[in-house]
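Once you scroll down, you'll see the structures, which are given as structure tokens.
One chain, subunit A, appears in both complexes that follow, with subunit B as partner in the first and subunit C in the second.
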Partner chain A sequence: MDSLNIPATGRTPAVAFDFASGHLRMSGESYPDDVATFFGPVFTALRAYLADADPTPIHFDMELLYFNSSSAKVLMNILQMLEAAAKAGRPVSVVWSYEDNDESMRELGEDFSEDLQHVAFSLRNVPVGAIG
Partner chain B sequence: MSFNLFAAEELAIEKARKLGEALAVVAPDCVDDFNELVQAFERSTREQQRLVRVSDRLQAQLGAANQELERRRQEAETALSHLRDAQEAIIQAEKLASLGALVAGVAHEINTPVGIAVSCASHLADATRDLRRLSDDGSISRGDFARYLATAGDTATLILTNCQRAAQLITGFKQVAVDRASAERRRFNLAKTLQETLASLQPKLRPSGHTVAVLCPGSVELDSFPGVLSQILANLVMNALTHAFPDGRAGHLVVAVDQVDTDIIHLSFSDDGVGMTEDNRLRVFEPFFTTRRGRGGTGLGLHIVHNLVVGALKGSISVQSAPGQGTRFDLSFPRQTPERD
Partner chain C sequence: MLAQQYAAIKRDLDQQGIVFSFSGYLSEGILYSLGEALREKMTLADTDAPTVRRVFAVFVEQMQNIIRYSAEKVTGATTRAVELSAGMVTIGMEGNTVFIVCGNTVRNDDVPRLRERLDHLRSLDREGIKSYYREQLREEPEDGSRGATIGLIEIARRASEPIDYDFDAMDDERSFFCLKVRI
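And now, the complex of A and B:
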């Protein structure tokens, strides 16, 4: 399956889904004008990828520094899809990155991991400016 | 008692769980589906809680960004204010420097006639002392007396002309500093004021046969300084008569006023004379710039015009000219002179 690569713009994040290696990554800032237009194709690709009975472990790097409420719901939906895949037996790990001193982003990571029982979730502290 | 934002949702979940237990007794087939529904509602409630936190975080970020924006706006305001102060200081320094140049120019200009007058007076004093000694000795001759009379006549003439020259320079210098307070401000008709000024200049215009055309609608009324405008026109005419027609031919001067419907009056003054070089054109408003040094030019006429247009009328002036192409001054100034700077 082809990988999905969308470069970042001012309002939308970089999306790098390398489906062959199972490495998925979202980084930057996310407050798109139209959440459906931007994330629609992302969900379509992800759903198709997870529907395959591919046993490759999945690793998701969440490196968004700033996201609006719609994007937060998008993240929750993605995490829920990954949780379902993990529950079905596929190894899934999620790393939630947050910058130094961004306590509220760290707390959001803890909140967002609340419903994950089968996904290996971890928080990663990075220096300011190291990601994005 | 602690406050719980999601108390109602938790109460509903609690009731649903109890309903599930009751359902397990009466309709065991429905229990799994019902429990899924309850779990979906539970998850939805948790997502709602997260979204509230995300929203609060965004609001806090917005507030912080606004505070930062306000802080930077104030910094920019402060910087702008400092910049304005610095600009004001530079303008003041520039004014002082130009005043210094003016004073130096005045000193230089007046020095020549005064110096000549002093030498002549000294020479006259020497000659008078010599004659007195001869007279006291009783040895004065007819020739001595005739020589003294010639000397006295020559030196007196030189002293008079040079003192007159100095007085003339001082009069010109006084006009440079426009006394705005003493200039009378009133409503007046532009065409009428222009005609009256030209009438007063007829004695200068008539002998050389120059003509002046005034193209100005009779309806233009100004709220400004007629005396200032009159002096501007007089200086422009005198400047043209002095420089534009050295060959003695009769020239044509035109005063034209247009765009009379706007709040800004455009007045042009043109001649069909010899024009001037670009170098001269660029310096024409500088104080003491003259092409007639030592032949009656003070270099103040157009400088005074410039000061009056800019300072008193709050307008602007520019000049177009080229050798053989005549000269044209373009003045713009408000129909109603602003009260303050």
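And now, the complex of A and C:
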């Protein structure tokens, strides 16, 4: 399956899904003027990838500096899709990065991971300026 | 006369500590530009990054509430879909606290439900807001709300004090709604 690469804009994150290696990454800021338009193609690609019986372990790097509440719902859906894949037996790890002093982003990581049972989820503290 | 009239408006805003103000038709484009100006202004004033992000987050949710729910709206399509919603946004300082006040027209029919949501949020402490957020994150959005509940929770969560709101009846159909958030 082809990889999905969407460069970041002022208000949408960079999406780099390298499906062949199983390395997926989202970074930057997310407050699109229309969430459905931006995330539609991301979902389509991810859904198709997860539907494949590909046993490649998935590693998802979540490196967002800011996302609005409409994006929050979308991110939750992505995590739920990953959880379903992990439950079905595919190894999935998610690393949620947050910058030093960014208590809000760390807390959000806890909120989002609360009910993940099959995904290996971890929080990663990084220096200011290291992500995004 | 002209300068005097507008100087009076400016003085009034200054006296209330208002640094940014916008009244009129808001759009996603204006949200983006005002938001950038707000972040630049705060960064130049040496505000620490997490505070800038908190203020910005509240600003985005408040603006999107107006854009989506203002009862005074023009929609249509020119070269792309356009959604212009009347309202106002002001951002200012009270001592060391940043505040954002947004105002827009709402339909009277929507007032009780909005009041109920805001009162509920005001009754919650930090932990309560946090678990309400977690719960709503996993809920399907209500019909026609486009995610209003989680947006308000996000605002309450980033605020440093309980959110303030007020309604002023305009006529049988509409009221002016104001939301003040201190960060």
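By our rule, the second predicted complex is superposed on the first by the 132 of 132 C-alpha atoms of A that agree within 3 Å, B and C clash if a C-alpha of one lies under 4 Å from a C-alpha of the other, contacts with A are read in each partner's own complex, and residues count from 1 in each chain.
One rule holds in what follows: a residue touches a chain if its C-beta (ideal position, glycine included) is under 8 Å from a C-beta of that chain, and two chains touch if they have at least 3 such contacts.
Since the model is a prediction, treat every value here as computed from it, not as a measurement.
Engineer: Quick one: subunit B and subunit C on subunit A, clash or fit?
Structural biologist: Because the two structures are overlaid on the shared chain, the partners are seen to clash.
Engineer: Output check: A:68 vs subunit B and subunit C. Expected answer is one of first, second, both, neither. What do you get?
Structural biologist: It touches subunit B and subunit C both.
Engineer: In this superposed model, does subunit C or subunit B come into contact with more residues of subunit A?
Structural biologist: C
Engineer: Check whether A:33 is in contact with subunit B, with subunit C, with both or with neither, and answer first, second, both or neither.
Structural biologist: A:33: touches subunit C, not subunit B.
Engineer: Is A:11 touching the first partner subunit B, the second partner subunit C, both, or neither of them?
Structural biologist: second
Engineer: Pick one for A:104: touches subunit B only (first), subunit C only (second), both, or neither.
Structural biologist: In the superposition, A:104 touches subunit B and subunit C alike.
Engineer: Considering only the touch criterion stated at the top, classify A:128 as touching first (subunit B), second (subunit C), both, or neither.
Structural biologist: In the superposition, A:128 touches subunit C alone.
Engineer: Pick one for A:112: touches subunit B only (first), subunit C only (second), both, or neither.
Structural biologist: both
Engineer: Tell me which of 56-64, 74-82, 110-118 or 164-172 in subunit C produces the clash with subunit B after alignment on chain A.
Structural biologist: It is 56-64.
Engineer: Taking the contacts subunit A makes with subunit B in one complex and with subunit C in the other, which residues are shared?
Structural biologist: 66, 68-69, 72-73, 76, 104, 107, 111-112, 114-115
Engineer: State the interface residues of subunit A toward subunit C in the complex, per the touch definition above.
Structural biologist: 10-11, 31, 33, 65-66, 68-70, 72-73, 76, 99, 101-104, 107, 111-112, 114-115, 128
Engineer: What residues of subunit C sit close enough to touch subunit A in their complex?
Structural biologist: 28-29, 31-32, 36, 48-50, 53-54, 56-57, 60-61, 64, 130, 133-134, 137-138, 141, 146-147, 150-151, 153-154, 158
Engineer: Taking the complex as given, what residues does subunit B use to touch subunit A?
Structural biologist: Against subunit A, subunit B makes touches at 43, 46-47, 49-51, 53-55, 57-58, 60-61.
Engineer: What residues of subunit A sit close enough to touch subunit B in their complex?
Structural biologist: Touching subunit B: residues 66-69, 72-73, 76, 80, 104-105, 107-108, 111-112, 114-115 of subunit A.
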